[in-house]
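Below you'll find the structure I mean.
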Amino acid sequence: MTSRLDETAAGVFVIAVTPFRDDGALDLPGADRMVEFYLERGATGLTILGILGEAPKLSAAESAAFVRHVLARVAGRVPVVVGVSSPGFAAMRELTETAMDEGAAGVMAAPPAVLRTDDALVGYMHQVAEQIGDTPLVLQDYPLASAVQLSLGVIRRVIESVPSCVMLKAEDWPGLGKISALRAMAGLRRVSILTGNGGLFLPEELQRGADGAMTGFAYPEMMRDVVAAHRAGQAQRAADVFDAYLPYARYEQQPGIGLSVRKHVLARRGAIPSAALRRPFTPLNSDDLADVAFLVERQARRLAALG
Amino acid sequence: MTSRLDETAAGVFVIAVTPFRDDGALDLPGADRMVEFYLERGATGLTILGILGEAPKLSAAESAAFVRHVLARVAGRVPVVVGVSSPGFAAMRELTETAMDEGAAGVMAAPPAVLRTDDALVGYMHQVAEQIGDTPLVLQDYPLASAVQLSLGVIRRVIESVPSCVMLKAEDWPGLGKISALRAMAGLRRVSILTGNGGLFLPEELQRGADGAMTGFAYPEMMRDVVAAHRAGQAQRAADVFDAYLPYARYEQQPGIGLSVRKHVLARRGAIPSAALRRPFTPLNSDDLADVAFLVERQARRLAALG
Amino acid sequence: MTSRLDETAAGVFVIAVTPFRDDGALDLPGADRMVEFYLERGATGLTILGILGEAPKLSAAESAAFVRHVLARVAGRVPVVVGVSSPGFAAMRELTETAMDEGAAGVMAAPPAVLRTDDALVGYMHQVAEQIGDTPLVLQDYPLASAVQLSLGVIRRVIESVPSCVMLKAEDWPGLGKISALRAMAGLRRVSILTGNGGLFLPEELQRGADGAMTGFAYPEMMRDVVAAHRAGQAQRAADVFDAYLPYARYEQQPGIGLSVRKHVLARRGAIPSAALRRPFTPLNSDDLADVAFLVERQARRLAALG
Amino acid sequence: MTSRLDETAAGVFVIAVTPFRDDGALDLPGADRMVEFYLERGATGLTILGILGEAPKLSAAESAAFVRHVLARVAGRVPVVVGVSSPGFAAMRELTETAMDEGAAGVMAAPPAVLRTDDALVGYMHQVAEQIGDTPLVLQDYPLASAVQLSLGVIRRVIESVPSCVMLKAEDWPGLGKISALRAMAGLRRVSILTGNGGLFLPEELQRGADGAMTGFAYPEMMRDVVAAHRAGQAQRAADVFDAYLPYARYEQQPGIGLSVRKHVLARRGAIPSAALRRPFTPLNSDDLADVAFLVERQARRLAALG
């Protein structure tokens, strides 16, 4: 029995990549291995078809097939959020229906780049809510990718007027002040706040009141351990773990080749059969591979020293 | 037997709206009436699923159904171009296959807004050509909507290196200098150039070497008559016709409510059963409707005086 | 004795060009002729150092010299507004002080493109007001040039909280709905609304409650006559005059070469000694010049027929 | 005797902040202390009036005064580069003349955001070169701030056609592939490449062929030591040093509050008398200050352990 996402969601929701075969075909069997990899390393939830899940590169039929396959594999062990952002409501509604029918816990959406005023943004989220009914909704605030700036006022108005909005994916870069301000807003319904940006500000975000991470960093155990140390009140320990991963995390978070780096490392770790991306993408060259090898080797040594 | 689009395409390709019922459902029977309306008023081609055809608001299944229906109704009487711009290649390829299987003459695509350098833009169009094979391709240059600037150098490189690119939809605003420069480029393969922007610069564009219009102005007879006068060498006559429509054409070309105005007038003219747009859209208020009535009435008087 | 700009400002504020000599030097004597030209053709105010006055191309010293010279020439005959938008407040304050010391009626400012949320935009205008004290302020809403979207809510908040804001320069394209909505806002202090965009929607804007035009169209008599007909309740007459100028007005309003066209026509009309622009600019070619000659000749005939 | 910047420039050019007094006035005596601070900690050059030097917030007169003061204080001990990017050429030329007259080694400029095509960008840099003559020129490639994408082809064309361009400030994020590609371009004149982005990718950038850093990180000794270790072939040592600073460097590199953080730390370190920024800026709150204290304390411990 799958539960629906609600305001208490916390921990580590890993943004899953979408595995492809070397020939570019969707690799559904590969997704099985990936699901187990994430769950074994501390994922308390999964998010699929996010921007860094190459969602826009799938056809509508492929998206639906991927959603069905992953939900069947997860089989209710953790909640699964499905990214449904789309240029049009028809596609958004269709994918939402498929996802919820198959047992997803909720969906995630971001306003499109063309909207620029507070009213337009709030109005858009109202229309989203009309389209998807009472499906639990994650509001994605990701200006670097979406070119949309969601002010505190907009987020507040969405939380106040869209009861199905149970979570904010906070990915303003890094938006520490935004998290503090939301947590300090008198009278505002408390929603879950999970943070993105490859985890690059996770210790500070937790300190400000975030409930965990929702990002695709190739080492979910970093997020798991930082969240655990934070909950245990061990700030120095959280920073020690975080710092050990930071040099590589910074490298994975590059725009451009970042997703290629992430898939390369996930393939090396056995999480997915192939590091292939669908076009268009920026391939890694020998310099990039040497950088990654250098960083991963140093990371392993440092983690060993840390114990 | 439908012919494939080639470099000789000329005249008036009307960008068709997509008819919806008042409840927002796709109105396929309504599309029949619309097709006849356009053909009776001088369309020598049709373009469907363009940006102002609300293409992004359709689901993949709806897009395919609309393409099939319109192509069956047109039945080869005029060439039909299908807009296939999409955030991902899988969807683009799928829609292209449907379109060409059903008898489309070619497809139209624009590079996405995230691309910013000449090399990235040319590279993208190469990837498009790889995806759709030798399907006749219309390159859309529409910076106001796409936020992409296609320089002369980029257009030249695409024409030189993508043999299937047979047409430029010139919609840089208004890009008169661009048309002149393309026509003057020594050694460049001549492609068809049809122009957009609601026809607001059609006389000047024809003068610079454009082969006609590809736009959705609600009075296709304006484009038909301006093109005819231009071909007959009657520049003053072309300007007289154009000027008679200009006050309303300017009003229809507004961002925001423009498409609502166009559908309203098309419904008034009996081209489509309902003026309904899919959400999100900007509705007309009573002031807007009064403006349109005033402009259309003046236009009718002036056309009558013109003879 | 020069009066300060207030909420009752109305009529035709011409956005003045900045005259340069052929060698690119600022042409202060040329500005004298220009001032007289505008005043003789119906300007009830002038705006200098606007975006289409090539303000960013002047050094700080040149801007100050130009402001002094024009204000001395105008000598209080009409109110003069000075554009003071600047990347920094130090330059804005300096130019404002010069302008007001020399007898300007007020200043005009637009928020910078980097601001994206309602709060950021309102906050910016508060800081402007802090910098310039009680200097009468024109809020410029010009998204096509500034890439900033000022929502109705933002404009309302600025009017409510910045008492020195006495005018909105409405240049959203065309923003008819915005003007209607502002005029209908219960309890909102009435400010002057003058409209831009080359006058391309002037009749409709006046109908919605605008008080006149603030734009640089090379035929100020068009704005004068349309405003006069509107005030006399003669909507058909206003449209007749407007329509006669529209084909050329549309051509002058092109991005890119538009300002070159305007200066060319102003030089032909004897308003300025030279049509020179400062670099960077897009020069006119022989096709452009032929277009302008064709349009201006037709305009003259039509105005003659109109009487 | 001050030398002019040339293609051999290397090492650490610190982007200097601009010191203000608590009341917002320019603090010229404060600049003396700052210059010494930077030179004592390994700066082999200085860059003033960069974007993160709050250059746009100064009036033209203040900019000139600051340039004069800093150059007099430096007195030829290291080369000084002056940022001269400006919306107009008149201001750019004026500031360049002041800078070179007073002994600057060269100037730095970036194309404005409105330019979008390769030809427009190259053409702009040609116009810059016309304006400033043979003044040594640093081409700034900083898309995150400028919204301009300089492709490899554009950079190549500028280097080939503008002989005075002796340096690229590489701040594409992080643009590792760009540096590799530039260094591998056959037949291209070798220019200096210094890198920005707060130093967040310095080890990898040096590995790819960069000659050093040009950025304002509050601990110039990090850049000095990483560059030295790199030159000595000690990659692990370079990474050890870099990693020790990375947690704080990441925090300082935040958009929004980043510059406030930097000035706060510089003031704490005694580099400048006051951490004041000119408006508009984002102030630090107690959470931010606690984060910084936590990070700086850990950094000190780690550096001590490193030896």
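Order of writing sets the chain letters: A, B, C and D. Residues in each chain are counted from 1.
Here is the rule we go by: contacts are C-beta pairs under 8 Å (C-beta built on N, C-alpha and C of every residue); 3 or more make two chains touch, one makes a residue touch a chain.
The structure presented is a predicted model; accordingly, all values stated were derived computationally and were not measured.
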Steps needed, at minimum, to go from subunit B to subunit D via contacts: 1
Repeat of interface B-D, chosen from A-C, A-B or C-D - more than half of residue-number contact pairs shared: A-C
CA centroid of subunit C to CA centroid of subunit D, Å: 38
Approximate Å spacing (C-alpha centroids) for the pair subunit A, subunit C: 47
Interchain centroid distance [CA atoms averaged], subunit A/subunit D, Å: 33
Where subunit B touches two or more other chains at once, by residue number: none
Graph class of chain-chain contacts, one of line, ring, star, complete, other: complete
Residues of subunit A touching subunit C in the complex: 116-120, 149-154
Touching residues (chain side subunit C, partner subunit B) in the complex: 173-174, 176-177, 180, 200-201, 204, 207-208, 235-236, 239, 242-243, 246-247, 250-251, 254-257, 282, 285, 287-288, 291, 294, 298
Residues of subunit B defined as touching subunit A within the complex: 56-62, 87-91, 94, 113, 123-124, 127, 278-280
